[in-house]
Every structure is written in C-alpha cells, then in structure tokens.
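Look at the two complexes coming up: chain A is in both, with chain B in one and chain C in the other.
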Partner chain A sequence: MKPHLPSVAARTISPRAAARLRVGLLAFTLLAAAAAAQTPPLYSRWINYTPANGFPRGEVYCVAIAGPRVWAGTEHGLALIENGRLRKVFTRADGLAAYAIMSLAVDPNTGDLWIGGLGGLSRYSAGKFINYTVLSSGLANDLVYSVAVRGKYVWAATAAGVSRLNTWTHSWRIFSVVGKPSAPFEEPWAYALAIGPKKAYIGLWGGGVVVYDLRRKTWRPYLDPDGAPEIVLYRNQGLISNMVSSLTHGAESNAFWAGTYFGLSGYDGARWHNYMRQDSGLASNFINGVALQGRRVWAATQRGLSEFDPGARVWVTYRPANWRALDAGKAARPQRGEILITGPGGHPRRLETATSLAHNYILNLAFQGNDIWVATAAGLSHGFAAPARRILYAHPNRVHRHPARAAYARQTRH
Partner chain B sequence: MNWKLTLLAGLTAALLAAPMAAQAPGCPSGPSPTRAARMRYADMPSRAFPFGSFIQPYALWFTTPDSLAFDGSGRARPDADWRRLRAINLGFLGPLDPQYSESVYGIAMLHGAELALARANARGGFHGKPFALKIHRDSPLWGASAIELVRMDYRQHVWAMLGSVDGASTHIALRATLKLWVPIVDTATTDPTVTETRIPWLLHDFPDDRQQGYALADYIFNQLHLKHVAILRANNRYGRLGYTVFFNTARRWGKQPVMVLKFEPYATGFTRSLRELQQLGMDGLVLWCNARQAGLIVRQMRALGMRQPVFGPSRLTYPALIQTAGVAANGVVTVAAINPDRRDPKWLAFRRRYRARYHADPDAYAAYAYDGMNLLIAAVRQAGLNRTRIMDALHAYAMRSYAGVSGTAFFDYTLNNIAPVTMARVEHGHFVYWPERRSDWSRRGWPGCTAAAGR
Partner chain C sequence: MTPRLQREGGKKAALRRALWVALAIAAVAATLAMRGPRHEARDWAAVYSRRRYYDPVDLKLSPHGRRLYVACEGRNEVLAINTASRRVIAAIPVGRRPKALALSPGGRRLFVANAWSGAISQIDTRALQVTRTLPAGWGVEGMAADRTGHYLYAANPLGNDISVIDLASGRETTRLAAGHFPEFAARLRGSWIGISNLLAQPAPPDTPPSSQLTLINAATRQVRWQVAIPGAVQMRHIAQTPPRFGGYLLIPFLQPHNLIPLIELRRDWYASNGLAIVQLRGRRAPRVREVLLDELDRAFANGYGAAVAPHTPWALITASGANQVAILNLERLHRLLQSPDADELARRLDAAPQFVARRLPTGRDPTAVAASPNGHFAYVANRADDTISVIDLAGLRNAGLIRLGAQRPLTARRRGQQLFFSALHSQDHEIACASCHPYEGFEDGLVWSFETPRLGRDVVENKTLLAIRGTSPFKWNGLNPNLATQDGPRTAMYIFRSQGFSPVQVRDLVAFINARPLPPNPHLAPGGLNPEQARGRALFFRTRTNTGQIIPLHDRCYYCHAPLTHFTSRVLMNVGTATRFDDTGAFKVPSLEGIYMRPPYLHNGEAQTLEEIWTRFNPRDRHGITSDMNKVQLNELIAYLDTL
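Coming up: the complex of A and B.
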C-alpha cells in the first residue's frame, strides 16, 4: 500500500500568493543589488608581474589603462601588458627620452600615450616615440613627475615648473615663478597634476596646491596655514603639509584630494578633511599617490594601499601579510595578503587572502573596469574584486558570511 | 671612611668640572641620547615654538624614531658583486664653475671630499677596490643640474652622493632620489627645509639656517638685549629661507624686526637702503647674504656714520668680508660653521694634510665634506653594496654624535646636525671664535650632551 501523500494541489500556492512571492523576491533582489552597489568591492585575488615572469626589475612608478592595454612605467623602462601577458618593454634604446618612467597619460581622443620621466617627456604615437626635452622644446625641465591630458593640451609637472603643450599649434607655455605672467608658486618644483574640465590642480613640492581656473585664468593657492613644517596645528586646519606628492580631483565638483608625506588632505570645496595614520585607518602618512573611484579615495602609501569611503567612514588597507619581513629584506616575496578594515570605531578587523600585492611600498594605481592595477616597489599587481554580485545572487542568505563582506558590514554598523 | 673619601673626591671633581663646563659649553663630547630625545625639534629655544603661547599642536613631526621610516624593497635586493667592479663609485654634486659665486664653497667641498677618498683608498678602499669620485657640476640655473643625479645613477652606478651647496639643487636631488634610492650626504647647504621633507635618503651635516638663526637671535636679543633690529637680505632663495627662522624667533620673543629690506643678489650699492634704515632708529642690523656683499654693506654703513652692530650667518665668516670692508669689519659678529683655531688633534692633522695637498687653509666646507665623505665610506664598508642598507647605516646616527674634523656633530631624528654652532667676531682684522652659549641652556651646556666641547 502506497503511503498517503498530500496532493499536489494541497502544496500549490494560490496565484495571489505566488504574485506576492514574486514581488517579494524581486524586491529582495533589488535590495541586494543596491547593497552590492553601495558596498565597495574587496580585492581578494592578486596576480603579480615581477622579474620572475619577465617584468622589469625594480620599482614600478605608475600605471595607465588604455582599453585592454595596461602600460606600466618602471625603473627600467615602459612595460606593455595586453590580455594578461607582458608584450614588450620599451627602454631608451627604443627611443624613450626618460631613464625611469614617473607618469603616464592616455589621450582619449587620439589614443596616444604620453610618458613623463627622469629624462624628459615622450609621446608614443603610431608605434614611434617623439621626445620633448629642455633643449628641444618648451619643457621647463627634464625631470617630469606627472603628465596629464585634457582636450588639446598636454600638461607636464617638472622640477622647474609646469609646462603645457598645445597639441594643435605645437606651442608651449610654462607656468613657474619666473616669466610673465608668473604663477604664484612658493617653489617651482611641480610634483603632481590633476586637470579637470574647469580647473587645473597643481601639487608643488614645498608650495602646497595651486589651482588654476582654466576659463578665468586666475590662480588660487592652498597652503599649510600654520606655515611650520614641524607641526599640524589643527586636525582639519587646511592643507596638512606643503610637501604635496600627488593629487586627484572630483569629476564634477571643486573637491580634490592631496597626498603628502605627512598624511592625506581632502578639500570638498568648503571644508578640509585631513587624515593621518594616528587618527584613521590610513596605512602610512607617507603617500606616494592618490586616486578617486567614485566617492572613494585611494592612497598609495609606503605601508600598503588604503581605500577610504567618506560616506561610510570605513578604511580598507591591502598589503602583504609579511610586509615587515619584506621591508627588512628577510623575505623575498609576499606570502599571503592582508586586508585591514577600519570603521569609525577605530579597531581594524584583519582578513587574510591567499594572494597578495607584490609589495607594501605602493607608488600608484589605476582602474580597469572592476579591476585594479597597482604599481609597487617590487612589481605590478593586478587585483580582482571579490565576486560580490555572484555571491549575492547565488547565496543571498550567505552575503554576510563572506568574511570580508561581513567584516565590512560590521564596521559600517558602528 | 672610604665612602667619605669617595664623597669628598666626587664633590671636588664636581666643583672643578662645573666651571670648566660653563667656560666651554657647546658641542657634545659625550652624547646623551636620552636627554637629547627630550629636546624640542631642532633644539628649538624655549618660547620659539610656533604658536607655543597659545595652543598645543594637533600633531608634531620629526621628534620620534620613525620620523624617517622607509618601507621600500631595497633591503631585499641582492648586493652588487664588488669583485666585478673596477671601482666603488661615489657621486659629487657641487658648484665648481668659477663664474658661479658659490663655487668658492663647492671647490673647497670637492677638495675635502677628495682628501677623504684618498685616505680611504690608501687604507685599502673597499675590499681592495678603490673608491672613485664621479664629479658633477652644479649649475646656477634653476633645475639645470636636476638631471645630474639621474645620470649618476644610470650611467655611473654610484652607490651614494655628496652634495650640494645650493638648497634648490639639493631639493631637486632629494626628490629624484626618493624615486631612485641613492643615499645623499649633504655637507654644505644651509637650507633648513631639506631635512623637513620626511624623505629618508639624506643626512645633513652642516649648521643650517635654523640653527644659525636660533644662535643669532639668542645672542642679539637675550645676551646683548637689543630691541630694534633690522634685516637686510639678498633677494634670492638663500636670503629668503635663511632669514626666516631668525625673523620668526624674534617675533615670537616680542622683538619684531623693525624692517626687512631686500637687494638684488649682485647689487653693489646699498646707500639708499641704509639711509632708509638709518631713519628707523634701529639698534642692530642682521645681514643674510654672501661675505663680499656684507663687506660692501658694512663699509657703506660706516661711511654714512651708522655705528650699529652688524650680525650675520656663517657665509659671512669668510676672508672676503674683511678684505671688502677693511677696518669697518671690526665688531661684526657672525655664526661660524667651525672654529679653525681649535687645538683638536683631528682638526690639526686634517689641516696639515690639506695644506700639503692644496697649499691653502681648509674652510668649513672642506672640513664638513671631509667628514661627510668619511661617513659615507664608513657606511658603504659597513653595509656593502646595497643602497638601502648604506642608508640604514647612516640612519644609525640618529640621536647620536660623530666626532670629525669639523667638530662633534649630533644628528637628530631627521638626520640633521643640530650640534651647537660657533660664534665669531671680527677683531683687528681677524675672526675671533667662541662657542655658542644659549641663555636657555643650563650650566652644563647644551642639553644634548653630558659634557661640552666646541664645534
């Protein structure tokens, strides 16, 4: 005799209930998607390009993305990576002006690559290098620390001021302490550039940040208001230090972030927001580079790569777990990765990942879609975000069991 | 009984030692890192701290051991194989072209460095390989010598560099070396900002304008009790940065300088400026320029009947001041980077060797370059051919002293020499030297030492 089973009809829900369930599922999915959009991805998988796989030895100073191509400026030339493979390393023997490549910028209109470095400025176009030096052009100095492209202009931050090339007329203009009209630079040593649609932000070594209004042709300097390098008078006093190493700006607003060797300074157009290792989750006060990704600011420091979400007030730092041994020269390569998540409460939660950045001394970074490329002192690192969406959709009830996301969620609840 | 004898002997020794210390204050012959660690940044005088009367700053820099922490990958790089090298290259950057006014310091600096190198090579070099100096000329044009450090690295593979005199050139080299990781020992610039960048690749061994400014301010305001001091300075980077610490210290002490006037770096006529200052009723004049211009100013000042005392930094402690000003130079008080009248055996031996080789007396730039090159050579020998480890060896001098031919240096956490300076006065056509004695120091002398000697 067959056991009694409830009829199919008894287990079938009514059309009205099914509709409610569908709406509920849709709402849940939408909420989950919204949560995924708000919660930043965590980079938990890294692939490193080092001398072990043919990459140039030494430091990687900068990285730039041009579609599927990734360009990296290194201590020993310009490296091109395409589809995850190192294609070529260009050096002075190939026609480059610089010995070491400090900065890269891709012209979105022409696809040309602009290369600034210790030795001059180069343009890589149609497979050839065209060089610009003090002796052959209007470049102010042969030490080029930053290069940026906006419209028809190419800007170069040099050790003797900022040079601007009009690529249509091939004419140069130098912004420095000498010349007419001179720029209000405390010191002429330009280190960082960020060119927006309306304003040019110039970071000066010892001269703070100077903002040039492109339409009105007016200047506005921002300096350390206490004027004493040995102190920070108030936390949000203004620019934290006049030693500005890097700059990035908001796409639409007047906001900009300045990386210094004394901490991170942000200006939102009205107020300053300063962060130091002592009072935040910033990995180190010694910042080599800054970048913006939406509202989140990234700081390339000598003790790791820090990301700050000003809305959630959460810091995330990536570095090799054995970074102290790497610094001391007691380890040749990173073992595992370390993620530190610090919320407003100030107590970091630590996670470990199987792979890691190539080194904790970070010099710069760039984004390629959801991926991140990081220039370090011992190679180029390609970071992949944790597959947050897949986790959400596949296992909606396990979202917060993903250790990294759970830690992030706990910190944001503070 | 024994303890009574010991106590008596101790008391007698203390009584004898106290006046000696009071008479010869100055530099540390016996450093006391614990006491030095409690000092304000750069041994700043009391009441000279920025905003010190009003507020405690949110953060302080340069006063902790991690001030110059470096976390790069350099220590893991394999050492170079010295067996494959013909020589151990060390770079030199300095003004050497005679038309450049600072070449007088640069040439002396080169001679001092060469002498140190010759001695090191006579003693076996590095594992039998000679040290070789790769000489690069600093240019008066801003930024023109910027590429020199890059060439030293990529073309000559230097292991470290000595230089430069000009503050701007040193800054440019410093910025480049942050990327290239080449240790720099600077023995000549007086620019106080080169050690205030947190770039961990530079050791500075020369009294900077911060130390000189504090010494002059204390002497003028606390010892001579002058009140209305004016400043006349060259309108160049040396003049602009040089006078700033003196000016700020005077202001913080309530002795706001009555006027600051500038003049072109190659000016020769100062009568108009001096007449302007004459009308102010100043009771002292501080000059921040080179020795020849100071000589012209003093001569023209006395010709106008102005009898106010004149003061200046170490660049005035040069024969050119006396040669240009003549008898008018008498009474001028300056800071001196060294005391050449010292009877210190190290200094005397160095002077003898220098005279034998260059047929001239060594000056402060030669002495500091000699010491700086010796520091570098010792660091290379200790660390091997790895630049980061060479710099680590130099970092070991933080809050420690180094006894060289220029005197006893004491390096703070920024690797800046903050040992007390020497003062000098022109008397009968010659400089007469005495050790700095700041009014806020105790009877034992400089806070960074347990006993005192002279720079």
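Coming up: the complex of A and C.
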C-alpha cells in the first residue's frame, strides 16, 4: 500500500518546532561526532617502502612526520618521502653527522628536523645540515638514541647521559652521573626521551625511568621494584623492568608510558598499569617503541605492532601472517597481513588482510592524519585506515560488511 | 702664656676660622653649582651630545615619501626628515647602537634595531615617539615586517639566528636558524622575507668561502631556502627588481681571493666586488648568479646599500669604500642575465659597463640607500660624513646634500674612521681596512696567505680589531710591535700596494682602531656568572688536575691568557698547533675577550668551534692540560670563556 504523504501545507512546521528540530539535529550530530571521535581506525591496507622500490636496505629505526613530508631514519641514512614517493636518501656525504639514524624530532615552531644517530646530532633546516658532535660541540656523546624538542630546548639521549641544547643561547647542559650537580642515573646510557610541558622523562638502559621537573629542577626515579628483569614479583606496583627502550608522555601531568624489553608499563600519575604478552593482547614483551594516539597506546614490538585501548580494554595487533617464517629468516618477504583483536575476554579473533607490514620486527611508528607509518626491520610501512569506520561505532548493532570492523565491534561488546 | 703668644694664637685661630668659612662657602658654591638649574644640566648634555657624530647607517622612506627616517648609530637616535624641506623635524632617542630600520606595511610603526641593547624600539610615526620596546636576539640588526604586519623578523648577527616577533603580543615566538652572522633583512614580493649574511659559512680553512641567503616563507614563519652564494662574503642590503626586470634579488657582496698567496699578486686583486643575483622560482630552488661591479681600471670597493627605484629602470648600489653609488639599468642587466654566457659574469671585469648607467660620488662611507615611492629621488646615508646625499633619478645626478647637524671639527678618531672605511688609499682603490675587518673592525672569519712566496704556507686566520688596545704585539707571528707599524709601512707594502697612509693619517687611524669596543657580551647576565660559568672560571684558574696532580705553571690557562692583560700574555707560545705548512711553531697568544663571536680558532683557523681546540687539536696537552677533564667540565670551561 502506498503510504499516505501529507501535503506541503501539512508538512509546514512552526518556528518553535523547527528550532527544536535544529537543536535535536545538532545534538545528534555532536553525539555522532563524539562517538566517531572515539572510534579507533583499523589499518587494513599497507604500502611498503623496501629496497625493492629504492628504499635503503636494512632496518628502519624511526619515522617522523612534518606536514606532507615523511622522514625515516634508517641503518644507511635519512630517507625523505613526499606524496608517496621516495625523494632522497641523505647520508654523511650530504652532510649528515650520523651514518645510522636512530631518532627524529620535528620542531613545530621552526619546522626544522632534528636527527639523532650513531655519529652525532644534526639539525636539518631548509636543505642544510648543522651538525653537533662530541668533538665540535657540547654534546655528551656521539651515540644519540633519542632526540626531542620542546620550546627552545633540544634534548638528546646519548650513551653518556642526556644533553640539552638551548637553541637561543647555544649553551649545553649535560645530565649524567658526572658533573655537578649530577643526575641520579643508575646508568649514564640514556635510551629514551619524552619531554612534557612540565617534566622531562628519561629512559635509561638498566636504570629505569628518571623524571626531571623542569620548574623545580628536581629528580624522581622510577625503578622496577623487584629489580629483576626476567620476573615480575609485584604486578602493577612499579615499572615492569629497568631496561627501558622507549617513552611517551600523556596529556596529564606526570603520566607516561614506558616500553621495556620485558613488557609495557603505564603510569597515570598515581597507579601503574603493566602489560605483558602472557596476560594481554601485547604481541611481545620486547618493545622497541611506544606512542600515544589520543588515549590509545601503541607498542612497536619484535613480533608485531600492538595497539591498546585502555577504555575499551581491547588490543589490536598487526603483523605479517607469515611472521614466524620472517622472524626465522625462512621467508624473504611478507605475504598476507594478520590482525589480532583481543578483548577483555582474552580470546583473540584473527583476521587476514591482503597486504601487510614489511616485517614483524617493529621499531617505531608515527601518525599522519588518519594514516600510520611504521618503521620495521625490513622497510617502512604506510598503513591506511579502513574508510567509513565511524558508522560502525555510531550504530554498533548494524551488520558490518568489513570483517575486521565486525570483529572489533564484537570484541568491544564483551 | 704671654700676650704675644696669645696674640699669635688668636691670629692662628682667626686664620683657621677664616679658612673654615672659606671652605664652607666653597662647598656650598660647589653644591649649588653641581645642582644647578635644570636647563643648565640639559645644556651640558646638549654640549656633550653635540660632540658625538651621527653616523647615519640606515634609511627608510615613509610610504608616501614625504618623510625620511634615519638611524644614527653614533648618537642613539632616529631622525625624521621632511623630504620637501630637507630639514630634520624630530630626533627620537632609542636604544644603544640603532643599526637598522623597518616600517610596518602601512607605515604607522617604525621599528629600530638597537644592536647593543638587544632590543627593538617601536616608534609611532605620527607621534614620533617610542611606544614600546620589543625583545630581540643577540646584536639585533636587519629587520622586516611581513605583509600582514603581524610578525617582525629580526636578524641576530651574534646569535646566528633570526627572531620571529609576534607584534600583537610583543613576544618573540621563535628563533630560526640562519647562516653565519646574519645582518640584513628585507621584505620581498609574495610572502618572502630575505636575510643576508655578513660572514662566510664555517668551513675548513682550505675551502673557498661561501655565504648564505636565508629565505623565510612568512606564511608558515619557517625557513624555506638556505641559498648558498659561492665565493662571496659580506653580503649586505637586499633589493628586489620588478617582475618585468626579472624579479631578481640584488645583494652587494665581496669576493675575497684569500686562498691565493698575496705576495704572488703582481698588483692587487685581493678581492672583487659585485652583486649576487638571486632568482626566486616558486617551488624550485632559487637560481644564483653573480656579476662584478668592478671595472678594469677602478674597483667598486665594499658594496653596501641596495635599492630599486619604483617606476624607473634604475637600481642603486652604494660602495662604502669607493664613496660612490652605482646606478644600474635593470633592463640591460635583465637582458645580460638572459644571455647564454650569463654564468661567466662572476669573472668578467668588462660586464659592469654594460649595465651600470652612472656612477655618482657620495659622501664618505655611504651605507644605506632608499628611493622615493614616486621614483624621483634617492637618498644615500653617508656614515662618516653625517650627511644624506640626494640623487635626482630623472637626471641621474646629485641634487643636494642634507646635513644632519651642525658641522663639527673632526676629531682624530673621526678622521681615522673616514680612513678606515675608505679604499681610496689602495691601488686601484680596491681595498679598505673595512674590507677585511667588517662590522666596524671585526674580522672576516677567513684565513689569508700573507707575505709568503710559497703556495699554501703560513696561512693564517684574520684577527679582529675590536678591543685590541693593550694587546700588542700584533699578527700571529708577533712581528708587528704596534698598530702604527701595521697601519703604516706594512699596510702600504703588502696590502694597499700604494703610498699608503701619511704619518698623520696613521696616527688618526690608530686612534680610531684603539677605540673600537666589543659589543656587550650576551653570555654574561647582569647578575654575573651563573653557576655553570662560575665552575668554568674555577677550571680556568685551577692549579691541580682532577686526580690532584699539580699543573705546571706554564700549563695553566691563566698563565698564557693572563686576565690583567686582556687574557693574553702578549708573548709567543708554542702550544703544538703548528702544522707542516707553518714556518714557525710559536704564535702570539690571542686575547680571549669576545672569543665567543669569532670562530674559527687557532692561528690557521682549523678549529671551527671552541670545543675543537681541545677535542681535536690538543692531543698532547700542550695547549693547557685538558685531557683529564670530562665533557661536563669542558662545557663549563667554554661557558666561562664565552663570557669574556
């Protein structure tokens, strides 16, 4: 039966009703937008930059985004990708201080790129490198594992402590076990840095995390309470291990995540939240890098890239489906991709994608809008988020055509 | 007591009383004289200021062209001149050493870079008063406001960077990396800001110098291009030609021939003078070409100011050493640059006559030049004359002279200043003292091959003339007992290849050079040394190593760099820095005052930074015992040296 349609006159509504309708529509839009904003994307399509398409061979240690430019620090120089094309690979012949690039940081004010590596620290400004080495500057050591920029200061984690350069006065400060006043480092070998607005977080190789209050100029160390790297006697009572490889700080004061070689530790300013492969969806306890994307934390591990949503308590891990063969050196390249989604129930759902990360050994990652760039042991991977994913979360009961989205939705409803 | 004695005693007492009364009257009179009426105090200040020269160093014309602003670094003032009456209508006191001016796009605000105050004065051009002071970097000079008037870009020569100042909040938001000694800035077409460098980029001493132009995209407030200008140093003002003439950037420069043994040169040819011509090409890297302004029989020494006259085919370039302004025909220059052999122009002494329409004499030491918006007149600041030359651009002739104040008798220093900047005493008028000692007596940061007939031997780094009084003997080999010897016969024989200066002129020149001060040290806070610098001072004066061993006297820092004599013992010392290219092993101990601002270091300029003196060139602890120091201590020692 054909439905009865009201006449045009009958469909005319009063101004008050129209206003209510507008308010309702606005509220719905805002709610939908809020729901969409909380929606994590799933990366189901990957493009890899490997020696096969001109990318430097060997490991990719780090990646950084500067607008349309993607910088990748590799074992054999600094690669620049622009608009999906490899533009140039900079080496020491081009003026770089280091031969292997371990860390990158973009100064949001100047647009300059700071490059830390095995050989010193470099500043790339409009096509020119300015180098800082232990011989030519106040840098503590030429093995620079991490670099970070905050305001006028550039921080560099080195094998002999942390160096801080004031780019306005050109003065250096070294935080280490030597000098006066010395820093409370159990080890001078600094591996990780995260500089917040009020605090500097320093990850030491075997020395845990040391937090420096930038205003009060005071130190606070965070150490593994049991002191043993292989075991965790006290769950959620402190840093999971003193072998800290990477750090990222949260928006809240004093909150940070630490990637260690024995698990993932999060500190919210009051409590610890530790995660290991055995009792979570973390791909591996051996973590090379951590990053925050909103509230979600990402861990670059030796067996894949893991993402954890603390609110939904859902883990997602990306890796090549043939990761065991790759890990053992029995396969030369990845085949299909694998996504593991683990909810609070603990039973992972496995999905396959046609494309995959370049390798399961993940070292670092960065976000470019909705895209993700992942540094692996065998190339750089560019991940694309599945489109129209917001609909999934706005209407969780709908039937989803994309299997990955559906699986994720099912896990979140546990 | 006898009456006589009483009388004598009474006389003495009376004398004492009279003496006391006279003293009291004298004291009261002196107090009154010292207090004096207010107008009398002002008169004394006026008398004092009248004895100071103006030293006009930068010019800006208001957008309508009716007012000319002049930065007078000698008197810490900005003058406003009515261009119709050619009279000074206001003198506005600003900070120390105003070196550069910039106008906001509408002309309502005038910014004055006070190099020695490290601050920028903002002047309301209607009220002709300073309305606020903006922060800036070290030794701030050239400035340019972006087209929106929201941000000001200021070059900091002593910091090697560029301050970006938010004009709404009055705060410095960012410092951008620049080349070595950025000194001049200009707002260009589109959203570009150009910054040129005075000194060459740091490089190993045996490499040809290369300077740098920094191009900032004002839309992003980030550096977009760092353009290398090969072979050039001392780049100064930037002017941009109209699009119909190529839209080039014109930057005067000097090409030093420092790697050629100067004794080998039959005549002169220490340096060539010309223009860097930079063509912006959108997303592609800018294209650089160079032309010489020297001609076969006359040099255009020390190019300085640059301006393009609107609605005309003329560009004006001043030469502070030649006391000239060259008027370039941009149409011919554009045509020349489109010729197939345009890349050869950097070496062609016959190129300039093809595009230089006229060379006009100016006053002494012409610096900045500005052209009126209607293209009728141009104005040249003659620093060592306290005058402004007015040029009629219709007839290409001098049309008058604006005197900035009453003519005063020239002091010996003033006469010395005029000699210092003038190239007229050298053969072919090619070189002045200021050619190798820019920044009013500083150094060019280059190594030169002086007085040796053998290629590549005894190459030495140029030395500063700032604060050299009391540090004789001079030269790295210490062979010059005093400045008079250096400025007289040695300069005549080895550098000017001419009669040189007369004895009276030498005396004046020495008076000027001896009065060259260092700029205020930005490393030194008003409260004195910070804890790190204080620890560095303790290291400088230490007598024991970290392990407690006594350091021999001659291995202590202060033994050679004696603080009471400007941190130099004024003797020759062998600290193991000689190489197989040196004929001697001992060199004059250099002063450490202002050491932070003058890399490279060591006699041959091998050390690019202070750190390298000890990390690379002191392997046997002959240049002080430093091998026991850890990196933190070395940083502290350098932090202290930076404050000297």
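One rule holds in what follows: the second predicted complex is superposed on the first by the 362 of 414 C-alpha atoms of A that agree within 3 Å, B and C clash if a C-alpha of one lies under 4 Å from a C-alpha of the other, contacts with A are read in each partner's own complex, and residues count from 1 in each chain.
Here, contacts are C-beta pairs under 8 Å (C-beta built on N, C-alpha and C of every residue); 3 or more make two chains touch, one makes a residue touch a chain.
Only a predicted model underlies this, so the values are computations on that prediction, with no experimental measurement involved.
When the two complexes are overlaid on chain A, chain B and chain C sit side by side with no clash. By the document's definition of touching, of the two partners only chain B reaches A:G329; chain C does not.
When the two complexes are overlaid on their common chain A, residue A:A160 makes contact with chain B and with chain C alike. After overlaying the two complexes on the shared chain, residue contacts for A:G281 are found with neither chain B nor chain C. Once the two complexes are overlaid on the shared chain, A:P320 sits clear of chain B and of chain C alike.
In the superposition on chain A, contact is made by A:N109 with chain C only, not with chain B. Of the two partner chains placed around the shared chain by superposition, chain C is the only one that A:R123 touches, whereas chain B remains out of contact. For chain A, the partner with contacts to more residues, out of chain B and chain C, is B. Residue contacts after overlaying the shared chain place A:D142 against chain B, while chain C stays out of touching range. The minimum CA-CA separation between chain B and chain C in the overlaid arrangement is 8 Å, rounded to the whole angstrom.
Comparing which residues of chain A touch chain B with which touch chain C, the overlap comprises 140-141, 160, 178. Looking at the complex, you find that chain A touches chain B at residues 59, 61, 75, 99-100, 102, 118-119, 140-143, 145, 158-160, 178, 187-189, 191, 205-206, 226-235, 237, 243, 261-262, 276, 278, 284-286, 302-303, 323, 326-329, 331-332, 359-361, 376-378.
Against chain A, in their complex, chain B makes its touches with residues 41-42, 50-51, 55, 57-62, 69-77, 142-143, 146-147, 150, 153-154, 171-172, 175-176, 179-180, 193, 196-199, 388-389. Interface residues of chain A facing chain C in the complex, by the touch rule stated above, are 109-112, 123, 125-128, 130, 134-138, 140-141, 152, 160, 167-174, 176, 178-180.
If you check the complex, the residues on chain C that touch chain A are 137, 159, 161, 173-177, 214-215, 220, 222-226, 285, 522-523, 532, 535, 608-609, 611-612, 615-616, 630-636, 638-639, 642.
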